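Letters A, B, C and D mark the chains in the order given here, with residues in each chain numbered from 1 onward.
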Amino acid sequence: MNQTLPDPDFDSRIRTSFARQGLMRTIGARLTRAAPGEVHIEVPFSESLTQQHGFMHAGIVTTIIDNACGYAANSLMPPDSEVLTVEYKVNFLSPAKGERFVAIGKAVKSGNTLTVCRGEVWAFDDGGRKLVAVMQATMMAMKG
Amino acid sequence: MNQTLPDPDFDSRIRTSFARQGLMRTIGARLTRAAPGEVHIEVPFSESLTQQHGFMHAGIVTTIIDNACGYAANSLMPPDSEVLTVEYKVNFLSPAKGERFVAIGKAVKSGNTLTVCRGEVWAFDDGGRKLVAVMQATMMAMKG
Amino acid sequence: MNQTLPDPDFDSRIRTSFARQGLMRTIGARLTRAAPGEVHIEVPFSESLTQQHGFMHAGIVTTIIDNACGYAANSLMPPDSEVLTVEYKVNFLSPAKGERFVAIGKAVKSGNTLTVCRGEVWAFDDGGRKLVAVMQATMMAMKG
Amino acid sequence: MNQTLPDPDFDSRIRTSFARQGLMRTIGARLTRAAPGEVHIEVPFSESLTQQHGFMHAGIVTTIIDNACGYAANSLMPPDSEVLTVEYKVNFLSPAKGERFVAIGKAVKSGNTLTVCRGEVWAFDDGGRKLVAVMQATMMAMKG
């Protein structure tokens, strides 16, 4: 990524949007890093978010990478832009077993209309961290 | 799909697994249909599950198609089988705006190890229904 | 699909574009059906297009569904539009073993900028036909 | 990737398999690097492989990343293993315009049955190189 930044105030724009998401409150997610083209989102383990084996549900793992990728794309867009998820693809590499989960979303190619992102989710516990999922996604800029 | 059904009791097996998912309770989802190779899951709109524009979050839309596809695959597996999501890809066609959302998951090709599924999510309100998302997914059988 | 057709002459537009693809000549592909939102492309088996077991290469299977989906999207676009493949995802269901292969691409949702398509490839031989691959894709309209 | 290598002779195994692919000869592709978990494949531009604007067809771009990812997965498998492509997803970032194209496939997570890979394709000409496409793929080990 080697581009000028069309909105130096992207950080507050992204955080305002994040704060409006009811689902982020419900799952206890926090936006822990917002750099140009890279956003991190963290969520603690909760029994209210599990699949049938007691691990975090793939849908929640997907939710946080989707947001990390979407805001990574949004960080490179002009001041008045919102971001829509066009599509994504996720591979699940290991059971989402851990105390907390960190999604890292990065813009790979940022265009006027579409931005392609890659993301990953890491599970953390006492023993260290493990790669849980990888995403490849297409995001779309929406003006106004 | 034209195959013998290796577990005539798939229905109770699937419903038991569904009932163990903490996330399904949290989002108020119900398994409304379980046929061989086809499962439906429904979730009502809730402000606790929204994205920044007040519509259902893409992650929740994904969650219910993932489950519908996963259990559609699981319905065709032997008695002692569980199902794991290997990967999925979702396209979002319209904002997830509605009173309730119905995910339909169908097995396209069921193998010994892997099952390929396709799914869709429809948004319902007074005015009718609208196609919100389509999924293509790979599920894996886990013995024991 | 229930939409007005913005270009009644889509058929000649699509066939002209298809004829300009060097790769279609190289692999011997023919566009066998072009209806609004649905295009079929057929390719005969050739030893020059094989993978290591002597079956048709996944890349050629993908090539014909990509084109079938792309032109299915293009058929619904205005007169002066070309189509670009934004992304696709393909699942391979069976070895591509047969005498000829038919790709069927269909538009699922056609928008001003993006069109979502689904496609499939069938292998044909004396014994009948078999589903070889399924695609889910995003296409983009390019004006001029 | 931090794993023991189950087949120290993976290089000749992969190159033998590559040499059996009729399509690789047809398109003039060469396997230019085979390391554990990483394989590079290069193809020169040819008018016989173009789409309607005279650039390399997305299907050929996909073909070389598919092979690079597949053999990257295969390099980490036991001596008697072959590799099957389960599925892949490709995003196209720029027109495939260049004199030659290099696909780089890497294994992200290698399991007993499934290996998840990521790949990319770069276009090269006098002016340097440009990222053309990125892939996320699932490969499967086949014994014997």
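The working rule: a contact is a pair of C-beta atoms (placed from the backbone, for glycine too) under 8 Å apart; a residue touches a chain by one contact, two chains touch by 3 or more.
Values in this document were obtained by computation on a predicted structure and should not be read as measured data.
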Identified repeat of the C-D interface (over half of residue pairs identical), from A-B, A-D or B-C: A-B
Farthest chain (mean CA position) relative to subunit C: A
Averaged-CA centre spacing for the pair subunit C and subunit B, given as whole angstrom: 28
Approximate Å spacing (C-alpha centroids) for the pair subunit B, subunit D: 33
Geometric centre distance via CA averages, subunit B-subunit A, whole Å: 22
Touching two or more other chains - residue numbers and ranges from subunit C: 86-87, 89, 91, 116, 138
Residues of subunit B defined as touching subunit D within the complex: 86-87, 89, 113-114, 116, 138, 140
Complex contacts: residues of subunit B adjacent to subunit C: 89, 91, 93-94, 108-109, 116, 118, 131, 134-136, 138
Interfacial residue positions of subunit C with respect to subunit D in the complex: 17-18, 20-23, 25-26, 46-54, 57-60, 62-64, 66-67, 82, 84-92
